[in-house]
Amino acid sequence: MQKIDESILSEVIQKRPINSYKGNYGRILIIAGSKQFGGAALMSTRAAVNAGAGLVTVATVPEKFTALNVDIPEAMTIDYNNSKDLKEAVLKNNVIVIGPGLGTTENTTDLINILIKNVDKQVIIMDASALTVVSEQNIDLNLFENIILTPHQGEWQRLSGLKIPDQTQENNLKKINSLAPNSLLIVKKHLSEIYYQNKVYQLISGNPGMATGGMGDTLTGIIAAFVGQFDYSLKTVSAALYLHSYIADKIYKKDYVVLPTKLASKIPQTMQKFACSKK
Amino acid sequence: MQKIDESILSEVIQKRPINSYKGNYGRILIIAGSKQFGGAALMSTRAAVNAGAGLVTVATVPEKFTALNVDIPEAMTIDYNNSKDLKEAVLKNNVIVIGPGLGTTENTTDLINILIKNVDKQVIIMDASALTVVSEQNIDLNLFENIILTPHQGEWQRLSGLKIPDQTQENNLKKINSLAPNSLLIVKKHLSEIYYQNKVYQLISGNPGMATGGMGDTLTGIIAAFVGQFDYSLKTVSAALYLHSYIADKIYKKDYVVLPTKLASKIPQTMQKFACSKK
Amino acid sequence: MQKIDESILSEVIQKRPINSYKGNYGRILIIAGSKQFGGAALMSTRAAVNAGAGLVTVATVPEKFTALNVDIPEAMTIDYNNSKDLKEAVLKNNVIVIGPGLGTTENTTDLINILIKNVDKQVIIMDASALTVVSEQNIDLNLFENIILTPHQGEWQRLSGLKIPDQTQENNLKKINSLAPNSLLIVKKHLSEIYYQNKVYQLISGNPGMATGGMGDTLTGIIAAFVGQFDYSLKTVSAALYLHSYIADKIYKKDYVVLPTKLASKIPQTMQKFACSKK
Amino acid sequence: MQKIDESILSEVIQKRPINSYKGNYGRILIIAGSKQFGGAALMSTRAAVNAGAGLVTVATVPEKFTALNVDIPEAMTIDYNNSKDLKEAVLKNNVIVIGPGLGTTENTTDLINILIKNVDKQVIIMDASALTVVSEQNIDLNLFENIILTPHQGEWQRLSGLKIPDQTQENNLKKINSLAPNSLLIVKKHLSEIYYQNKVYQLISGNPGMATGGMGDTLTGIIAAFVGQFDYSLKTVSAALYLHSYIADKIYKKDYVVLPTKLASKIPQTMQKFACSKK
């Protein structure tokens, strides 16, 4: 097992080549939100935009378009219940987040199925309600060629059948290898772990001020932006995870609770600091 | 009668244990808002999130979802006129605020009755319009096992029959003991008082810049977050009350009027200052 | 003619008595906004709240409730096309703004007529579209006992028949004395003038960075808050006018254009500075 | 070919005459946005207001009014599908932006045709989807007397038929002279170029942090404000282009990605700095 430390940030965050345009920095589709859960989609999107994603589209219900426009005008919106539009968006984007604030309804099952039918080599990041639905419906994760799973311990229990005390690194590794050997798994908790191709990485940062709604959605957005503009690798995902808790730790020095919106606002400056520190 | 002073903050605000998650910091349900009064729900929710509540759900009318999503994406929303959803939310949360911006309509009476039917040992915080409706409809407050009442002087007059000049500590104590002996009562005014189990605590801070719409809603949110993450006790509620006016006094040094949104934004930093000052 | 200078601010802005509540600081009703013009209502309301108004209610179209809730949660909202609600609000409030963003439609005429029927001694502040409608419909301004008119030069031309070059202090005074002798008139321009009971006051501050949409709406909100919490007098209105351009001049030192939202955000601090400078 | 450098800012940005009003600083109409693309309209509008435009009206779909009111209350709104209102707005404004976030639908073709029918000597700024529709429908750009085209390289390829490697200054000049000899063309890319009346100007600033959604919309808003308050000339448009990348370069020193909303917020201060540096 390898510990993830600060050095990963300068390793992964590239100084951008001078002659480049937004298409070079990822086309991200975020399938998120529902009538009752609007904030999750907002927080994930805000994080993706602030972490440098070139083009971000949110597939959600039209009732959430106004809030998205106000908070993150940089993102585009489509109605995920228009399956033609959703299908086109799946084909056009190269990183796809599914889950934040979808809720565990039939509609979420339908969205996952549309994704399965239309996805090819895009990287899928599956989070939150989508993970619960996959557990409940026994959906085969191997239908996705490139998939990142980001359960917290409770969601991982539902997915793996492993009770929280049994979620040792050994058991987790075994389990993910049988469930979805090609996937990259992040188990979110105090000192989160990443499993990928028989390697285990572990975070050594983070704090209890992060125990608040929206932290996970924010992480998902950062991962999407990193995969979209750098590459899909264990290192890149680890850097995204590290950046998230690195900023949270800075905020926690002064704030009792780490608010997701504050965390997101500090991403551009923190990334630049590490991009510039490169030799 | 005991004066509440600054020492209560370091006494109550706990440093969080490293290994914890959002479920440890309270599940708060805020039943608030109506077509005409949207801001009260927003201000109460923002305060609860900023004061560290783990999970916050707002039960309101769907017309307010967009404003809530924009301003406090960390909170979830449900429609309080969907009684199945409301009932489930009552069962699932352990601290329930009812009142800010509901208005004194029949609908508010219905919401209180749904709460009465479904509540068990949860802590109820009853504020604003809900208090007026309880007065008008003679609703028995003893139907709630754990209830915090937060009337200002006018609302307390309606509830107790005591005219403002007659609202002495002695009279208030007698009255609350006959009305709802198990409740915790806060009479909001210059130098607010707390009555609980025959004890009286009094605030010795606060300022006239706080005489503006939304101050009470903000207080309600802070109390909910404190009860949710610490405990339900006279000390904890007093600390919430003190924090509110402590921050207001800091702002009032520079600002003629203390705006609720500004007050809320300073909660995380103030809480951390006192959490860290503990031995 | 008297020049208005900085001394008026400490003269008018009172330190608040310690034992006071929001009802002491004015009940302001702002009748403003329409489907197409939402921003004017927002800017006027924000200014009123930031300038210390105790309770602010906005009567507008329901389509604007969400934007009002998001930007100024401290304000309440009612639908001005519900005439029962509007009538009640007119009776209950003691300062009433009418005009910002109403548009010059029949609906605005109806709103003015409801106001005329129900108003008593409240102070009316008439601005923008309401002034144009009054000109076009020849509505008798003497139907209002206490009215403040805030036309810019073009609106004053429509109201008075005086072309801009003919708007000398002498002519303006004569005209307002024949039109509405009890009213207080502000002619907004470079070095704005106030006419009241045969006195003329003139501003000697202000700057061309203020030539931007929303400046007038912001002024209207400040005047309402000042009249609501201090009194209705030439001095108080002059102080409101002075505060507006005083803050604008500070901003203009650094900003090429003075944005209304920035101006409003600086009101609480500026008021406190002058309240505290009193002997 | 001439390089655009910092000196252009003090040359173009005028200190405002003391006695002036908002009508002196341009009447800008921004035809932008659609159900799916709301952010582009917001970013363009915000930039125009912050760059000092006197009066800004946005013609869009009513679904976007709330977001516009919240984010830029200074701007007015109309429904572009009400052709009477749109026609009136075209006649009344002197600078008209068309394109950001319209989408490439039939509706956009209709809007362009209404513009063609009603426009006279107003300056048109054509951007984004409008450019694509013009290419697809072979609309004759010479129907506009004064038109600024702001394609990025891909849009310019569609418009000119020139593949990106063939977009040399010589070829571009030849092509624009045959397509629309009276137009002013900006080809947006690393080191953007401006073509006007056989002159070529080139930007020597800008950075890859600008490769994010909304950068172009922001530029469009600044150009509109500059033309509206200064004049329509190669110099003025060059200054707008320079200001945009000048601020972006300052932000990029600290931020990995240059967010459009942050860029817009810094316009008033940057403009004042250069207005004041004039002799």
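By letter and in written order, the chains are A, B, C and D; residue numbering begins at 1 in each of them.
Note that in this section a contact is a pair of C-beta atoms (placed from the backbone, for glycine too) under 8 Å apart; a residue touches a chain by one contact, two chains touch by 3 or more.
By chain, UniProt protein names: A, B, C, D = ADP-dependent (S)-NAD(P)H-hydrate dehydratase.
It should be emphasised that the depicted structure is a prediction, and the values quoted were computed from it without experimental measurement.
Considering the contact criterion stated above, no chain is in touch with chain A and with chain D alike.
Separation of chain B from chain C in touch steps, taking the shortest path, is 1. Superposing the C-alpha atoms of chain C onto chain D requires a rotation of 90 degrees, rounded to the nearest 5. Comparing the CA-atom centres of all chains against that of chain C, the greatest distance is found for A. Between chain A and chain B the centroid-to-centroid distance comes to 35 Å (mean Cα coordinates, whole Å).
Taking the mean of the C-alpha atoms as each chain's centre, chain B and chain D sit 49 Å apart. The multi-chain contact residues of chain C, meaning those touching 2 or more other chains, are 66, 70.
A complete list of chain pairs in contact reads A-B, A-D, B-C, C-D.
Within the complex formed with chain D, the residues of chain A that make contact are 13, 16-22, 24-25, 49-56, 62, 65-66, 68-70, 72-79, 267-269, 271-272, 275. If you check the complex, the residues on chain B that touch chain C are 35-40, 42-43, 63-64, 66-67, 70-71, 152-153, 189-190, 207-209, 211-215, 252-257, 259-261.
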